[in-house]
Amino acid sequence: MATAVVPTVERENYLNAQYGIKSWLLTTDHKRIALLYLLSVTFFFFIGGFFALLIRLELLTPAGDLVQADTYNKLFTMHGQVMIFFFLIPVVPAVLGNFLVPIMIGAKDLAFPRINLLSWYLYIVAGLLMMHCMLTGGIDTGWTFYTPFSTAYSNTKVVEAGLAIFIAGFSSIFTGLNFIVTIHRMRAPGMTWNRMPLFLWAMYATSIIQVLGTPVVAITIVLVALERLFHVGVFDPKLGGDPLLFQHLFWFYSHPAVYIMILPSMGVVTEIIACFSRKRIFGYQFVAFSSIAIAVLGFLVWAHHMFVAGISLYSALVFSFLSYFVAVPSAIKVFNWTATLYKGSISYTTPMLYAFGFIGLFTMGGLTGLFLAALGIDVHVTDTYFVVAHFHYIMVGGALMGYLGGMHFWWPKISGRMYPEWWGRLAALVVFLGFNLTFFPQFVLGYMGMPRRYWQYSPEFQILNVMSTAGSTVLAVGYLLPMIYFLWSMRYGKPAPDNPWNAAGLEWQTASPPPTFNFEETPVVTWEAYNYGEIDAKEVPVER
Amino acid sequence: MEQQRESAELGMWLFLITEIMFFGGMFCAYMVYRYMYPMAWEAGSEQMDFWFGTINTVVLICSSLTMALAVRSAQVGQRKALVILLIITMLFGCVFMGIKGVEYYGHWTEHQFPGPNFQFAGPDAQHVQIFFFLYWAMTGLHALHMLIGIIVVGFIAYWSWRGKYGADYYNPVENTGLYWHFVDMVWIYLYPLLYLISHKHAG
Amino acid sequence: MFDNFPLWPTRASTIAGNVDALYIFLLIVSGMICLLVFSLILIFAARFRKRKGVPAEQIEGSHALEITWSVIPLGIFFFIFAWGAFIYFKERTPPPSTLDIYVVAKQWMWKTEHMGGQHEINSLHVPAGRDVKLIMTSQDVIHSFYVPAFRIKQDVLPGRYTTLWFRATKPGTYHLFCAEYCGTSHSQMIGEVVVLEPAQYAEWLGGGPATPLPLAGQQLFSSLGCSTCHRFDVQGRGPNLTGIFGKPVLLEDGRTLTADENYIRESILNPGAKVVSGFKPIMPTFQGLVTEDQVNALLAYIKSLSKPAQGTVGARASGEPATGTTPMNQVQ
């Protein structure tokens, strides 16, 4: 249902229902918690981004002349830790997921609202601990903290950082647990699994990974901490331990973790493509099951990070083989998104531009995954900038662009305001161009042989590094723009109608911003997902 | 209400699955090293106190029985039986912790705590130390979960005594029961893996 | 290839061409897929842009298409897998006879040692056209031996040996990089691999005084007291080590494994872990008493001991007296 009526600002909604800091810090409203997360993840994004800029500045020249080697090692370690554990893993689930999952399902809140608040406090405690660690010396183990360097050689605060990630892990587990129970038990009458928006399927698959995978990295951190504190040798060969055991346990989580980071953004892209093509997603069932397939298959491929680590030839063959399977469901999604555009009615709004950008960059990043899964190629390019480029294409070109697209798409619902459309499009373009300039040269650098985590490098690599750094400054501008205009819009943006995009989905059938309990009455769902045909039919001129 | 009850139960099962994955990492480490160094594992297991371990196993199984009976009492609204059974469950838990404490003390005085003071007179002391590291870490993590369990059962017992639970609402009792059984199950796996490798054993 | 904007380093090993061929194939396939997807998106986005009075057509899906675009990519992926696996198999299977060179990595330098006893720091001289095998270990943390021009890389671990083999084709000097983050000076743990024509290599070998590695090992074997128990004339308290390298060994606990580099090394540094059947666990450990270089020398020595008749080491039951002049290994 579309409304041309602009609601008055005085109407009660979740933002103005209660005032005061206590009403925010003790809230159990999933929408407020989503905003609390929004502020915190954005803060950490800046921290991680700041480290990235310093890294790129240092890499302008082959010599190590901006910071010392130890400092550089801390910069890339903390860039990785902060971006992965404090930004990429929580961002879409805890911001967009928290806000949208109950509303999309037709519920008043999540299954366990207080656990939701607990999740946020765990995240904050973890974040403060991490900040303290960074401010009092930092860590230099690489975000992967391989042993025995991290257990017996690093002189930095490994245990403290490990504790921070341990706590952040539980924040992640509880969020996943909450979503699974909510999706199973709290769907509105008539909302069958096959009527759910695909964003919910993606969140469900993500939550499964969070619940099953995160505890394994948690115990790994515990073992590393015990080894460091008590000088025992689970992972230290000098004391009879095996460093490869660490790598297996670490990657058993950390590979599925990358699917935690990408699946939610894929869900966002699905919603955006459907809305701005005015069509039901092509192959709904296949897209839904591809999310589940990615979650399951993602647990079977971890040792493709270890092809040169010293595993047996046969293990390597098995993991390479399985890694090609996990590429198929992602390919299915890309093809289904493209097919959805066929005979659609397409508009080039900011969210749609981000969705196009996502498909392009994710496709490129995903294809380079095929290179890495090929054993013979991986031997040459593993631990080089090729890998760095690969995962940044997926994480930044994919996950982050999906998130930005989602923020623009749902901003009217979240804030009750419209963002300025032309600035939005400009920012999307700047991000896309800046991103490619930053990271495409890194593929070439990697194949040329430049290893990663290098403070100094061989002079022949300089030109490509300069290009990459130039790109990163453009990218930084692209990220600053939305920060600025989203803030601007909260005061000066056009008030948003309930359904500015005429989109399908229960979240658009309630006010912008929604009331605290989401719906005036519990909706009863009698229509299929993405019923754009019906929605637009009411708009079509009578002559038809 | 039914929706809330089902949600809470599903939530607890999911939480227990995360616990399985959590302990699973250490079980995995155990299996890898046992496969690689079976002699060291046997030697380490011979240092375990068979009787303490066996008694503890019996104690925990009994505690699961009383816990299950407690849930049943809640279901049929027998408040007094519920409280008594919960308290007995706690007592069993405390007996377990006590025996564990005695065992730990014994291992400590025998220099069987991993680290610079570890001593083992026998071949391959390095890997026997890893056995002990896993022993302390796995039973320690288990004991921590037991402790949390005892405290939670304590709270449930208190609220049962205050009449909070009955045939219409006994969700928390049931979910606590699930948690307690899980902790018991972990021990059922730990016991043979740590105590029963060798025919010979100390104590 | 392109002199001003190279896409890959120079090719200097026999496997480099295979790797680059697969890389180019992947570039072409990826390029085609990107072209396909991007042009479809651009074409659809333009052709089906929103127009007044032209609604979107609701298309549910197509099983045929789904299956097609799942199966065809999967087929292409399997082909890529097979090609990559073939290259990897070659890389992980050294030829039977190689020129062995020992490499010890430590924070933050590479030490290489040739069989003739020549030592190098941060460089490795090798002859072109010969199969070379590197037997590598680390003194501290995990490092990784990476030569981009050869397209090879192998992590170097503490506590064990890992191996890497190649055959260099083109004389020249090539980058050697450490490719596993190892601390402060990880990016300075670099060196050069110098490929020489065989004649020049022979000249280089003779360049200075050096004790061949097996000879150094033999000297250590004696000075460390190994020969007290590991005798070659009569049965000693430890197994006779003649010809054991590469042979199956029966252990006290019933398992059988191969006496490879890692087994020999473990037997020196932690002898109680895998005791040979029929022997008591009385060998003292040499951990902390020998350096990695010394272990390498001992290993080279043991490998050089000539091979006797076939058999499994450790098949003799304990307590049986020796039978004079025959080797102590008996067929089980």
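Every chain is named by a letter (A, B and C) in the order it is written, and numbering of its residues begins at 1.
Here is the rule we go by: a contact is a pair of C-beta atoms (placed from the backbone, for glycine too) under 8 Å apart; a residue touches a chain by one contact, two chains touch by 3 or more.
As the structure is a prediction and not an experimental result, all values here were calculated from the model.
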item	value
Pair of chains joined by the greatest number of C-beta pairs in contact	A-C
Centrality ranking, top chain (CA atoms only)	A
Where subunit A and subunit B are represented by their mean Cα positions, the distance between them in whole Å	37
Rounded Å distance between subunit B and subunit C, as computed from the means of their C-alpha atoms	44
Junction residues of subunit C - those touching two or more other chains	270, 273
Contacts with two or more other chains, residues of subunit A listed in rising order	240, 242
Residues of subunit B touching at least two other chains	126-127
Interfacial residue positions of subunit B with respect to subunit C in the complex	37-40, 122-127
Subunit B - residues contacting subunit A, complex	3, 6-7, 10-11, 14-15, 17-19, 21-26, 28-29, 32-33, 36, 114-116, 126-127, 129-130, 133-134, 137, 141
Subunit B-facing residues of subunit C, complex	252-253, 255, 270-273, 275, 281
Of subunit A, residues touching subunit C in the complex	64, 69-70, 73, 140, 142, 146, 148-149, 152-154, 237-238, 240, 242-244, 277-280, 282-286, 307-310, 313, 316-317, 320-321, 324-325, 327-328, 331-332, 334-336, 338-339, 341-348, 356, 359-360, 363-364, 367-368, 370-371, 373-380, 382-384, 444, 447-449, 451-458, 532-533, 536-537, 540-541, 544
Residues on subunit A engaged by subunit B in the complex (per definition of touch)	111-112, 115, 173, 177-178, 180-181, 184-186, 211-216, 218-220, 222-223, 226, 230-234, 239-242, 245, 248-249
